[in-house]
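Structures for review follow.
Shared between the two complexes below is chain A, which has chain B as its partner in the first and chain C in the second.
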Partner chain A sequence: MDVSISILSQVAFWGLYSGCIYILLATGLNLIFGVMKIVNFAHGEFLMLGTYITFFLFVITGFNPYVLLIGSVPVLIVAGVIVERLCFRPILGTGKLNEIFISLGLIYIFQNMVALIWTDEWRSMKSPFSDITIALGPVQLPLDYLIIIVVTAVILVLLHFFLKRTPIGKAIRATSQNRKGAMLMGINVEKINMLTFGIGAGLAGAAGTLWAVSGQVFNPYMGSIPAIKGFAIIILGGLGSIPGAIVGGLAIGMVENFTAFTLGGSWKDAVSFILLIIILVVKPTGLFGEDEE
Partner chain B sequence: MKRENIFSVFLAACLVLLVLSTGCTDQQPPAAQSGEVKIGVIASMTGAASTTGKDIWQSAELAADEINAKGGIKINSLGKSVPIRLIQGDDESTREGGMKAVSKLITQDNVDLLVGGYSSAVVSAHQSIVAENKVPYIISGASSSSVSHRNDLDTSYMFFHRPNTDDSGEASVLFIEEVVRPAVNAKFGFAAERPFRVAVIYQDSPFGKGQLDAVKNVIKARSLPIEVVAEEPFKMGESDFRTVLTSVKAKNPDMIYSVTFLNELVPLTQQARRDVNFNTLIMAIENNDDPDYYKGVGTYGEGMVMESRFSPYAVPKGSTEVATTQFLSNFDKKYGGFAGMMGAATYESIYIAKEAIEKAGTVEKAKVKDALSNLAMPQMMEIMKGGTIQFSPDFRESKFDLYVVQLSMDQASGEPRPEIIWPENLEARAFVVPDWYTPGTS
Partner chain C sequence: MNTSLFRDPLTLATAIVVLIAFLIPLFVGSNLYYLTVLVLMLIFIIYASAWNFLTFSGQGSLGHAAFFGLGAYGASLMAARLGLPSILTLLFGGIFAAVIGVLIGLTCVRLREWFLAMVTFGFAVIIQTLVVSQLAPVTGGWDGFPVPKLVPSGIQGSLMIEYYIILIITIATIILFRWLLKSRIGLALAAIRENEIEARAAGINPVPFKLFAFGVSAFFAGIAGSLEIAHFGYVTPEIFGIDLSFWPIIYSITGGLGTLAGPVIGTIVVTLLWDGLNAMGLTYARFIIIGVLLVLIIIFLPKGLVSLPAEIRKRMKRKDT
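Let's look at the complex of A and B:
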């Protein structure tokens, strides 16, 4: 095989693209875990919903799919708020087993609901930029993937400013750091839970939109594998750490793609989890997790 | 409400559900008593292969409706004709789902016969249940030879109405050797003895591995000047092939031989040409000859080739033409669209079941099995060896005359459409090396 810099750059680029989807998914998951300390296995279903909402809006409006982020993210935020209010709030603090069963139930509800509305056939959509490639040095890069990387970066920057500069963002961070302390300071933590869950679902929805725009196929059952990887990423990066989710997402994206390149596609999931085990053995709290007292 | 009370209510609800569900799972009476022939249809109605599963189920329904409209199946032991009742068994595209569905169909629904089965991995997992219960099973998918040739269990009740991976691998390799290699050599001025470089991208499953082995075995057995330069496996249900394609492209193949399910072939083809700028021919195999492939792949499918035995849009001229056109028209009337290859095979399987039960004169499973073993019925839509559907004495496999189609864009539909290009006796036109095609090496 002629392994050149251009081929390695190409693989790295595919890794970067995969990493972007994982980052958005894992950041939302981590935000929710950081504030509510709940484990939502149905998080991948928000990504799946994001793909279908985008597909639906694309079919009825014909707008540029990137513009449809303006539609899909708010819809997913509302969906997240409803799920938090109806499903997770009643069982908050009653034990991890309840959270697990609720989220497993949500997986079936979302999958069947989407299958009922849009059928369970595999679907895909075409971006208006799908035939355009940009030459970046020796590598030909599809314009769509460059846009996806830029959009992910913009979303993360906006999230950073939201969490650092706005009163609600500060309240989310305070609740994440010390729930009781936040309550004593007059923060309505139930409202913060609801909002955080909504933002987490919205980020997964954005990941779903970008998944669909990139030309990947989707069906109602496609959310489970990305969700498992999302959990692996937040464990790898450190529970509750947003920088950890970003680094973890990129690491998993890169490792998966270089593994597929060197060992073959059937190894890519296995190697991601081998990496996870190694990190946990070396640093049990994850790359960016804080050691507990 | 106190937590103990909540727990009591939950426990009571569980008990009520348990009692109700026990009532629901009572065994159904056998056909002789219920006045109908019960056929269990194993189809992937949900999960990764759900598109094909729907095709299987709808085609089975169409066949059963046609048979019932003509009075049903004549059973001599009952002295009358009885209708078919189909019972759906959703294997959920998983081994576990298949085992659950088959167990239910056999032990609770008490079916007389089973039909269907798609993925080799899924079918291989529930074969032991069928063997143990000795229920005749006409399998229209599961093409891996490792499924039909296994000797670790009794497969005598299983009848395979599909070409195995050895058959389809052989047809594909012969097509490459007889048609593609000379055409590429002629177009690019290569020496006649130049080895043709093939990369195999295959699903990491018995189906994928069976095809890979078949391709390599045929090349070796016939000492063909074809070189397998890459063997790239991928996980079932994969939708991101960019890195695998980048890796394959670096090995400079003249052609990709892809062993995929429908939902995998569409992104593989699109990503090869659109994202990786890989202007090579992709050869797919028969299970992908489905309207959803042509719809999904769009312009990127132009020039691609596919080994097939039933095509929704390319009907071979000859003895099967009328039956095929009729089937496609009836399917379109009932469901508004075209059936794929798996649908056609399942449709035929229902008719095979009818023929076997009528020959046996009973629904007694051992006698139906014997009738299937000795079956010789005229071919329907798929072209059979000798024009007859019959199962081989060794592994109970039916034998097909396979062909290859090439896709070209149809401006009216905006989708690619297939035309038969091999073998000579069936071809509608000659194979064309696409203008965009680039060979692996000079």
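Let's look at the complex of A and C:
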């Protein structure tokens, strides 16, 4: 009995840590959706790009991979700004299907540019702390996972203050609450679109760094599934709600790890879709979504 | 035949395309590589047309590989385990995909746009997971299993016979889609697509029509899937992959969404481009080129290649004035 409790809390802890990566993805998606009312299915590609940039910087500089967040986040912010300006701005307001289709094009472009540079074999990197575990009662917690949870929390707190206190953050919130009103108040909403998209991509980049540091394998095609889980989370937690994304992310992380533990590893991805489908069957606009019509 | 029929440029063009499709094996038939490209092109024309049919009802799918693969597995299991000829199991593959398609459709009819996109994507992942885990004793898991070919490869000119069989199926499919869209069902679908609330007000219950569109689309996607497997002679769960869900979308958008000719033109153009780039030895770069093409078409030619003549005429007129 004692053993099973320790195993269960171990699984719960894994869920907590993998939930962190989903939270970062979902928060970015949420911000972008709030401001632009679009969905970027290629969001997972920013995560993938983040892992590769971390990997690349780690190989050439040898710095502690957590420090490399300073590299991956700004690069991804720039990438996000460019993608928004070139691809999403021209199709804004031309129908919801177009944004899905344009993301398909972006998925192909990003995946294969990375494959062209770094080939498409599976890669992984080793964190300097990978051998250290901390005993907490009967549970052995890898230090890396603890750091990842703390880093995620710090990023979310910083984001919170950015949105609440700075002028740009306030403009982002204003735009997402009422686009026309924000425009009338002299906010350049197109600039806010670009910035928000950049921040969203930057959060995905941070998630990418954490993904690589945690020792999980990655290849150029790994981004799609986590991104779709990000959507599942924002449907679960409510569109535009950041606390919702945190709760949803942790829920998906937990459910996934418990399923993998009970039904076997191959169900790890499918279970979040089953959850998503059940929710949408019961409530087609999402758990906290409002009816549009 | 009525000669005035051929005064309509569209009918004329269609007739020419069909004629070329029938004659082309006589010129390239000796080259098995070209013939294979043509066979696969036809299969994907059916698949893309099936995907495109769903958009006529205002729905969309990011997971059509689910139906493509279900058809393939349904037909292959019948052919491999019961020893029935492939040409019969084909139909079963389509029906199997349609039944599951309607069941999946039941969860989707109330969803809009990207909720729908995600749920359909999710079903493809769930079905693939089932096939490789719980159903592995029947399906052979990740390894898959060999399937009898559509036309046994021992027969002289088997690939050529296969081409003509598939060509006839393709033409029949497109004629059927055309007939469906012209019928009252097609009008009801158009009404639902344009404005679901007004359609309801006009006395059309959208649910059965949307389910019908889902079923028909899944049926033909299933047929295409079983044809592909009967062509290759081997089935693996990779048939449920994300790529196979994306291809019909890329073909339809390139050609022109919501038109009958769109998926056909799109499939031909993109497949030729794809194989051309392949022949040039580009492996990853061809995906990048296709991706850039897709983005450019969505931004600059949102109605696809079929609208190109009209667009050019419009530009010319603007220049004149």
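Please note the rule applied: the second predicted complex is superposed on the first by the 272 of 293 C-alpha atoms of A that agree within 3 Å, B and C clash if a C-alpha of one lies under 4 Å from a C-alpha of the other, contacts with A are read in each partner's own complex, and residues count from 1 in each chain.
Here is the rule we go by: a contact is a pair of C-beta atoms (placed from the backbone, for glycine too) under 8 Å apart; a residue touches a chain by one contact, two chains touch by 3 or more.
Bear in mind that the values here come from a model prediction, so they are computed numbers and not experimental data.
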item: Combined model on chain A where chain B meets chain C, clash or fit; value: clash
item: Contacts of A:S266 with chain B and chain C, given as first, second, both or neither; value: both
item: Which superposed partner A:S124 touches (first chain B, second chain C, both, neither); value: first
item: Touching partner for A:V217 - first (chain B), second (chain C), both, neither; value: first
item: Touching partner for A:L159 - first (chain B), second (chain C), both, neither; value: neither
item: Partner chain in contact with A:L47 - chain B first, chain C second, else both or neither; value: neither
item: Chain B versus chain C as contact partner of A:Q140, first or second or both or neither; value: first
item: Chain B versus chain C as contact partner of A:N257, first or second or both or neither; value: first
item: First, second, both or neither for A:L116, with chain B first and chain C second; value: second
item: Clash-bearing segment of chain C, relative to chain B, as chosen among 4-12, 94-102 or 148-156; value: 148-156
item: Touching both chain C and chain B, counted on chain A across the two superposed complexes; value: 115, 120, 225, 264, 266, 269
item: Residue ranges of chain C touching chain A (in the complex, touch as defined); value: 60, 62, 107, 110-115, 117-119, 121-123, 125-126, 128-130, 132-133, 197, 242, 246, 249-250, 253, 257, 284-285, 287-288, 290-295, 298-299, 302
item: Chain A - residues contacting chain B, complex; value: 1-4, 7, 10-11, 14-15, 18, 115, 120-122, 124, 126, 130-131, 133, 140, 142, 145, 215-219, 221-222, 225, 256-258, 260-262, 264-266, 268-269
item: For the chain B and chain A complex, residues of the former touching the latter; value: 45-48, 50-51, 54, 204, 232-235, 237-244, 246-247, 249-252, 262-263, 266-267, 270-271, 274-277, 292, 296, 298
item: List of chain A residues in touch with chain C within their complex; value: 39, 41, 87, 90-91, 94, 96-98, 100-102, 104-109, 111-113, 115-116, 120, 224-225, 228, 231-232, 235, 263-264, 266-267, 269-270, 273-274, 276-277, 280-281, 284-286, 293
